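Letters A, B, C, D, E and F mark the chains in the order given here, with residues in each chain numbered from 1 onward.
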Amino acid sequence: MGIDLLLQNILNPPVLMFLLGLGAVLLRTELEIPQPLPKLFSLYLLIAIGLHGGYELSKSGITADVLKVLLLAMLMATAVPIYAFFILRLKLDVYNAVAIAATYGSISAVTFITAGSFLNTLGQSYGGYMVAAMTLMESPAIIIGLVMLSLFAKRNNEGVNWAEVFREAFLNPSVYILMGTLIIGFLTGEKGWKAMDPLFGVLFKGMLAFFLLDMGIVAGRRIGEIKKVGVFLIAFGILLPVFNAMVAVLLAKTFGLAKGDAFMFSVLCASASYIAVPAAMRLSVPEANPSLYVTMSLAITFPFNIAVGIPLYYFVINNLWG
Amino acid sequence: MGIDLLLQNILNPPVLMFLLGLGAVLLRTELEIPQPLPKLFSLYLLIAIGLHGGYELSKSGITADVLKVLLLAMLMATAVPIYAFFILRLKLDVYNAVAIAATYGSISAVTFITAGSFLNTLGQSYGGYMVAAMTLMESPAIIIGLVMLSLFAKRNNEGVNWAEVFREAFLNPSVYILMGTLIIGFLTGEKGWKAMDPLFGVLFKGMLAFFLLDMGIVAGRRIGEIKKVGVFLIAFGILLPVFNAMVAVLLAKTFGLAKGDAFMFSVLCASASYIAVPAAMRLSVPEANPSLYVTMSLAITFPFNIAVGIPLYYFVINNLWG
Amino acid sequence: MGIDLLLQNILNPPVLMFLLGLGAVLLRTELEIPQPLPKLFSLYLLIAIGLHGGYELSKSGITADVLKVLLLAMLMATAVPIYAFFILRLKLDVYNAVAIAATYGSISAVTFITAGSFLNTLGQSYGGYMVAAMTLMESPAIIIGLVMLSLFAKRNNEGVNWAEVFREAFLNPSVYILMGTLIIGFLTGEKGWKAMDPLFGVLFKGMLAFFLLDMGIVAGRRIGEIKKVGVFLIAFGILLPVFNAMVAVLLAKTFGLAKGDAFMFSVLCASASYIAVPAAMRLSVPEANPSLYVTMSLAITFPFNIAVGIPLYYFVINNLWG
Amino acid sequence: MKPMKKLEIVVDSVYLNRALEILEKNGVSGYTVIRDVLGKGERGLMAADELTDVFKNSYIFTVCEEEKAQKIAREINPLLKKVGGICIISDVVWVPH
Amino acid sequence: MKPMKKLEIVVDSVYLNRALEILEKNGVSGYTVIRDVLGKGERGLMAADELTDVFKNSYIFTVCEEEKAQKIAREINPLLKKVGGICIISDVVWVPH
Amino acid sequence: MKPMKKLEIVVDSVYLNRALEILEKNGVSGYTVIRDVLGKGERGLMAADELTDVFKNSYIFTVCEEEKAQKIAREINPLLKKVGGICIISDVVWVPH
């Protein structure tokens, strides 16, 4: 991989802010971004990509190409948690395997956003429908995870409450806000975006940088837990994302996705959830250890993707698409 | 009323965000904007309209026309709580009648702001002194309400502490911050506004949309209480605003207000307070049931004005002013 | 001092917002900016000046002139707490003398920022390395203070934990975030700043005004404590800053600093810490009374500098530099 | 180790200052307050998350002598009756420093 | 002055509603909740500051009659066992208004 | 149902970690913390709303055996004496899961 791509990625304020946050914890500085400020930033980012994605979608329209991308997204969102589960079962009990598989089957919006910002600094772009794809990819892993659970776990005391599971999967706050603002952006089109752009467009990169400072702090706090995670899961937290990204690249090439879309798609597949899925797992699979799935997602996979994964996936795609 | 006006109003990001917030509660999504973020937005909006209104006032100067508007504002702010009280007494005890009358005699800054944003998308405008009018209209209803109370209630255990009442009325945070930033905007004029515009002007619509998401959530939470409010009060919560708006339109026409000013004035008269007055009533009239006056203001009148009232009042005025 | 300079300073939205906050407390309005919103603003301001300073530094480079300024900064950061300590010992015990001396030996970033905004409205500027100078000036006073303590206090129960002291001094959140963003701004240069400018540059003055509203409230709450501080410390809180500023002006003139830099340097020397040093003192010198050092810094020196000090120091420098 | 009473009060946040005045008037040596707690009681849900500042509770506790606790409880009663809230007393041992 | 029990529960915030349902089902006259408290127990640190909403506790207390307190404690036990938490009971005197 | 002691501590937030270290050292099975509570005591008002982080309290409680509670109280005493705070002990019944 070109060293310059790596540098180009790292020497970006958002990524450096993430490292600054990490360093703050490692150097024990007591820097913190108290609640609910992180919530403000994450809400802002979700609304911003929702509105912008909807606006882009209103320009492009919902074409056959768009539907193709959405179908691929659904495919990967279903496949990843299944094969992840069987890999994890090699070493883990059913409960933890389910929770981790669901975590990696879903996506991380902030990883997606950071990748978009990276693409942007290279002067390239992606379709607004990728945000729709992302929204679609958040939920299936939760359902798949719980299907796995009811198939393989010997929990006889209580059945899965499927109504609750579907609510958790499709009406959790992240999915709801993304879906909702996507629709608002779509409905209000050019005129709506012009009114929202000063807050939700122009300020976007700065807000991302601010938020990544917090992500660095939160990831840093979890780093102490990594040793408890064990070598197998550490390797899993790095290799599975790379593997997922490569499968995505293959699919994207096969089905003729545009370069920017292929890149964003591979990043989505490589990323792991740290908000929606952990909340759902805590509720539906209390037997699983949240220290495992949260630590892996936040302290291993997220930093890996931000620092190395993004330029790596781009490098591969750049070579294939030219 | 032209369907297109209704659509023009609804197909705006701020109004859609309000509906998104409402929907989040009705679909039980657990989306929330935790405290004190709503406080950040409401402070921002108050400061922004104060500064901008003051700046506009510094351009127009305080003319006879401006004074006319301010006097009309005072007139309505005094009259509405009086006639509202007697209407409410048909069905309610003195305490609740006082509290609800005061609520409807005062105004809602966010309704005003949303109306301004609606006017704006129609390419029209209103005078900066309307913000001064709004500020003047916040307080009188509190005083009038408590005068009613001391006239009609048989509370002999403790008299009204008028010093405290005047403080609550004229020095509550909303009135203070509006008044203060109005003066700052006025004093610093063009140069001051140029420095403040990037934050308090350019971002205004986006922040309004963000805040209305929260207003939708808060209103949605209260919707369950509507049935406890009863048919009489539900009707009151819709009909009184419309009636107030029509009285305002008549006055505006009689006294020759400009079209944009007439519209904003009618919106002010139609709106009901949900921050300043409820806080004052909770303190001065603890016998009244806050579930009534807060629910009516937040879950009935506010959504009605945002979705239907604003285009309706505009439709009437547009026909009369042409 | 020219009355017009005073007016020019006061008739600025940020300074007026500070007065508005003060007034809110004095008029007992219950206006408050609840936690953690003030933290959001102070983080924002630190990041903004760090990034911008780093960017400016990347343009100017680290020249001999820059090093000269940094050395002068170190000199004053060491000298002020020493002479302040001996002045304070005339009336106070060792503990309080140490804590207050350290408070005045360090700096206030918000005073610096407000001075920068004042300079800006006069159409003048200062070097980005002044932010580096500010960062350097935060910490030494803490160390010097504790050296004084171990020299002059008869605490035999426990020695000073110097490792902890150095951590508190050099790795407290303010110093860390300033240093970090300065480096990020430096590394990412023109391109980085262009991405960060919309949030951290364009909105800067508005955010400063918003934050100063809160500073006014916080200062106002402490004003009641001023009488407990006593005449000696009130005089100290006004005269020492002026004296420090004059020493700084002399040094600046002697060593040939540019006009804008000289002004910012004098403001730094005149300002007193109210975040980093009080936190360190509370931990290392619990015997000292925080009501003294926090009240002096927040309710005496900060308002004095904001309202009178800044135009005064500028007036002197303007006459000397021409 | 002094046997004392712990007096706990939950009151509508709007009336926090009035409750604290009663404590101060009775010369308690100190108190601790947690603002913005949620609750449910006779008067329905206090969700502590409203825009309006109207549906919030505050929780107060003070450690004091038995008679003081009784006296404060008596004096705060009319307030709680009017605006809602709860007041409980329990035994604690104060470890004085 | 009524002798009553104070039942205190610390539970993972994710399960707050489930705990409150148990209280409501047993007909307590009210309860008070403090959200987002930190804590440490068998299950490690609940730092209450995570992005993920996964490591947060809530603190609940209710004042009620002895039998109710016992019954609620029994019913909430399986939940606490599964998801973590603590439940304690103490004596208080309720000063009724 | 185990009779235990509940140890409650209010301490300047700056010293929260030091107080928790004393708890940990004495091997308590867990604790719960509420950050940023207000209070008033000998040292005046802790308004918990300052920019400076200097006037804030934290509230800690731990449920533990009698001797542990006594021992912790003794060990935390010098800290509270120096930096302010309060420490109380009361009887509770722990409903173990």
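The working rule: contacts are C-beta pairs under 8 Å (C-beta built on N, C-alpha and C of every residue); 3 or more make two chains touch, one makes a residue touch a chain.
This is a predicted model, so every value here is computed, not measured.
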Other chains in touch with both subunit B and subunit D: none
Of all other chains, the one whose Cα centre sits farthest from subunit E: C
Separation of subunit D from subunit F, taking each centre as the mean of its C-alpha atoms, in whole Å: 19
Length of the line joining the C-alpha centres of subunit C and subunit D, rounded to whole Å: 40
Per-residue multi-chain contacts in subunit D, two or more chains: 34, 90-91
Multi-chain contact residues (two or more partners), subunit A: 32, 34-36, 40, 203
Every chain pair meeting the contact rule: A-B, A-C, A-E, B-C, B-D, C-F, D-E, D-F, E-F
Subunit A residues within the subunit E interface of the complex: 32, 34-35, 38, 42, 214-215, 218, 221, 274-275, 278-279, 282-283, 286-287, 290-291, 294, 298
Subunit A partner contacts - residues on subunit E that touch it in the complex: 12, 14-15, 36, 44, 47-55, 82-83
Subunit E partner contacts - residues on subunit D that touch it in the complex: 8, 10, 34, 37-42, 57, 59, 73-74, 77-78, 80-81, 85-91
Contacting residues of subunit B [partner subunit A, same complex]: 11-13, 16-17, 20, 23-24, 27-37, 40, 121, 202-203, 205-207, 209-210, 213
Subunit E contact footprint on subunit F (complex, rising order): 4, 6, 29-35, 63, 90-95, 97
